[in-house]
Amino acid sequence: MSIWEYANPKKFMALSGRVLPWVAGLAALTLAAGLVWGFFLTPDDYKQGSTVKIIYIHVPAASAAINAWAVMLIASLVWIVRRHHVSALVAKAAAPVGLTFTLIALVTGAFWGQPMWGTWWAWDPRLTNFLIFALFYLGYIALWEAVENPDTAADLTGVLCIVGSVFALLSRYAVLFWNQGLHQGASLSMDAQENVSDVYWIPLVICIAGFELLFLALVLVRARTEIRTRRAQALMARERLA
Amino acid sequence: MEMRVSDLAVQRGGIVVLEGLSFTLPPGRALVLRGPNGVGKTTLLRTLAGLQPAVAGEVSIPAESLAYASHADGLKATLTVAENLAFWAAVYGTGLVEDALAGMNLRELRNRWAASLSAGQKRRLGLARLLVSGRPIWVLDEPTVSLDAASVALFAAVVRAHLAAGGSALLATHIDLGLDEAEVLDLTPFRATSRAARQDAGFQEAFL
Amino acid sequence: MEMRVSDLAVQRGGIVVLEGLSFTLPPGRALVLRGPNGVGKTTLLRTLAGLQPAVAGEVSIPAESLAYASHADGLKATLTVAENLAFWAAVYGTGLVEDALAGMNLRELRNRWAASLSAGQKRRLGLARLLVSGRPIWVLDEPTVSLDAASVALFAAVVRAHLAAGGSALLATHIDLGLDEAEVLDLTPFRATSRAARQDAGFQEAFL
Amino acid sequence: MTALLIRDLRLAVRAGGGFGLGLAFFLLVAVLVPLGVGPEGGTLGKIAPGILWVGALLSCLLSLDRIFALDFEDGSLDLLATSPLPMEGAVAVKALAHWLVTGLPLTLAAPVLGVLLYLPASGYGWLVVSLLIGTPALSVIGAFGAALTVGVKRGGLLLSLLVLPLYVPTLIFGAEVVKRGAAGMEIATPLALLAAITAGAAALLPFASAAAIRVNLR
Amino acid sequence: MTALLIRDLRLAVRAGGGFGLGLAFFLLVAVLVPLGVGPEGGTLGKIAPGILWVGALLSCLLSLDRIFALDFEDGSLDLLATSPLPMEGAVAVKALAHWLVTGLPLTLAAPVLGVLLYLPASGYGWLVVSLLIGTPALSVIGAFGAALTVGVKRGGLLLSLLVLPLYVPTLIFGAEVVKRGAAGMEIATPLALLAAITAGAAALLPFASAAAIRVNLR
Amino acid sequence: MMPDLGKYAFAVLGSYGVTALLLAGLLVLTLVQRARAKRLLAEAEARMEKADG
């Protein structure tokens, strides 16, 4: 059986209904484990003090937000090439989740920057890119909301997502060119993977997994909601004609 | 130059509204579409004009032969009557502006801004676009809205001349056009009802 | 509740288009305005509705008694049919939404966005606004544009009921409304021609 | 009147209605200026009060043409003018609705954007206060401009041109309040002047706007 | 094609067509910013390249919705889509017309406004060059945004939201050219990148825009 | 039990708090939308049953 079978709303509903409780449960478990471990059971960093605990939210949220964009891009491409309705709806469902994670990364970053860099915000390339990222998400969601016909909306947002991705890469480069930034170097005793001692690394990995699972669970629920709404609309429309 | 439609189904807002529609429109003939409000005349004409995809069935229309006129006239308020027509003449690559002005009795208004025309005068200008297009197959959505009796007669004469020259016309309307030679097709029987036809229709049907 | 017009002259774009127009419209009567495109029907109705000043003559209409419906329907595409009507009901301080929905056969469409209505359905909703206004004098500009035969008949019945209840109606139209009891007033003879009348007319004439 | 207010608010929050988009534009100005100007905190902090006020003003401006133009195009303005609502009241209500969907959210969001521009900490309170007092004037003045240009097809930019000069006093006093507040100076005078402008505009301009609309409908 | 270009240009210069208003808006931004920020030459001179580029960008943005919305509303877009013109060509021509009535006048006027903002003398040449090379990209990207939002009633602000993030690279490189030029530094890299963006956008985006329009007309 | 966060308590608790708020908001929104969709669909299906049967 090809994976395209699941592009059929009925099959998708059946399958997602079966996996959803497991995904949601696993997400809750890993998140709880990772956060409790990170928050209560790790020592303070010698330089950053207790602020290092923010990493257990900041980094997973940031990477999940980036992955959400990737999911939307792939789903949009699938919709445009193969016109499977479920993939368009998955893209739609992922956007608000991605936006929330982006906001979380931004806010936790700001809370972290305050003690570390002495400022809530810096026009650092990474940060700037994330801000532009959040704007992309906002525009994308607004476009979905503004167009009434769902097929039209799916097509338009699909095109936007693809063009937007190209420009996101461009912006990344442009912003790097514009400012060399302090995100990495400034005060981090542990930016690159090999510098992170295991004490922090293991709970961090658990948290990253937790956020990804949470993303998956939320997207599944939201996609199921979208499918239900569309089905209800279809039924009501048919009723009207009958 | 024949338009052939077989077993066509069209959708609006994701719902199939008409299905099982077949007809041919040979050169020299006119076909009048009738049917109550909301039956799907506009939807059908837009589909034939290529603005939206058909749900099922086949439409065969020779390439570059169709001219479409919608509910709206597409006039630019700040261009004069003659400038409006000249633009479309250039787009279609014809030089028929003068003939069209004469044909729709617009000569006297040629230097007026389109903004200052009355409802019926605007409509006449919208119809003059067809003459300028030089296309043989006319697809018209309620062409005589707002026209007075004299202008309706003028329009009927223009359509007759078009048919005599080997053109054809498909017109949706609620009122009498005075085109007695035209066949009439009532769309009411083609209202989509059957479950089967709806099954794999528009985007909503994937969810039924 | 009588509308009285005497020796009225109206202008559009600074040019007097109609002059010397007099009529009365007593309660219970309907008056149909006819005349070729561009004669000035729309201009006259806008003047009566108080949207533009008269050039000469007198118009006497009891205060707060007139409801006007123009070529455009004033519908909000993102409100539902019921919400559109409810707004006007609130503005006019009446609570007649349900009656109006029933009257113009819109009950089934009540929760549809106005954007998704067909041309004729939109027009029906525009006309329902009149019912909701509770006003006795209706002034209507081509009310039956885009309506199918059944809806035209429905509209005629609505107007008849309005007249029977002591209201009155002034309608500009090119097509037959099936209101045989209505008087007809052809505006062609009132076309402004005399220099004198134009003399002190709109802003342009000051320079003649 | 309340019906009109509710309708306008409802239209604003419905699909394509533009609620939140003024806010988005404000955000975009706050993001673009550092991208153009460069990331140094010193410069940005110094220009922050001015840029934030200019941004608020531009966001207001952009949504102004919605106040009457949509109603004009679909014919509702004709119908409103022949309805029992007095035009002055309708204008005032529409300006209020505009403020509720544009000025108010903007005011609430401003402190967050202040962070992006390195606004000095002492300035945040005054930023909010000055916007709260000043933005109603922007809506009322804007409604006047919108009324003047309502007949003009897509008069958006003409509108900007007419309205921006009228916005100048509000801008100057508003930005001054924030600048002085941020620098810890006395702010009573510009604040009083700002309040006076708002009060005066709200009391008088609806009459002028109503007259302009009546003329445009003729 | 030429007919379409001539028509669009003619419409732009006719009453209410918006020619010159983009320019006027640019001027207003250049005037308002000193009013909001304060008159010190040092600060202004430093932020001038950024502000001028942001101003140019906002002026472009404001006239974007005219590109297709008017044609959509009066039905001409339907008629154009059924005409023998290929939609890709029509989109490209309309973007070109937009540039001719907005980007080009803006470029020519920019040096004058530079004076208002105390732009250092060495920057004027690069300001003009960067705008000349960069503004076509603004028109083409803007046409894409306009195509996406053409079905949306008064999508002006949604359009801004969609388009501004896409403008970021152009803005950064454009302002960088002027800043470096004014400081006498090397400008080859940002200028080359700016040109590359314009060329790439002009070559590829009309196809995406045409697709979006066809979808919106369905 | 509670670890001593020292002078950074505000930053750490603030980020955890805001994250909790944002996630809770998204979760509530998601669940509300889900409930509404379920209700709408159930109603529509009930009506269909009646119409068909």
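List of remarks:
Labels A, B, C, D, E and F are assigned to the chains in the order they are written; within every chain, residues are numbered from 1.
Everything that follows uses one rule, which is that a residue touches a chain if its C-beta (ideal position, glycine included) is under 8 Å from a C-beta of that chain, and two chains touch if they have at least 3 such contacts.
Because the structure is a prediction, the values reported are computed rather than measured.
Counting steps between touching chains, the shortest path from subunit A to subunit F takes 1.
Shared contact partners of subunit E and subunit F, listed by label: A. When chain centres are defined as mean Cα coordinates, A lies farthest from subunit C. Counting contacting C-beta pairs between every two chains, the top pair is D-E. Centre-to-centre separation between subunit C and subunit E, using Cα means, comes to 45 Å.
Subunit A and subunit B have CA centres that are 48 Å apart. Centre-to-centre separation of subunit C and subunit F, using mean CA positions: 52 Å. Under the contact definition stated at the top, the residues of subunit A that touch 2 or more other chains are 132, 135, 138-139, 142, 146-149, 151, 175, 178, 231, 235, 238, 240, 242.
Shared interface positions of subunit E, i.e. residues touching 2 or more other chains, are given as 15-16, 152-153, 155, 158, 161, 164, 168, 172, 218. Shared interface positions of subunit C, defined as residues touching 2 or more other chains, are 71, 78, 116. By the touch criterion stated above, subunit B contacts subunit E in their complex at residues 46, 49-53, 64, 66-79, 83, 86-88, 90-93, 129, 133. The part of subunit A that touches subunit D in the complex is made up of residues 110, 119-124, 128, 131-132, 135, 138-139, 142, 145-148, 175, 178-179. Of all the residues in subunit A, the ones that touch subunit F in their complex are 39-40, 44, 49-51, 53-54, 57-58, 61, 96-97, 100, 103-104, 107-108, 111-112, 114-115, 214, 218, 221-222, 224-226, 228-229, 231-232, 235-236, 238-239, 242.
For subunit A in complex with subunit B, the touching residues are 8-9, 85, 149-151, 227, 230-231, 233-235, 237-238, 240-242.
Contacts from subunit D toward subunit E in the complex involve residues 15-16, 18, 21-22, 24-25, 28-29, 31-33, 35-38, 43, 46-47, 49-51, 53-54, 57-58, 62-63, 65-66, 69-70, 73, 152-158, 160-161, 164, 167-168, 171-172, 175, 179.
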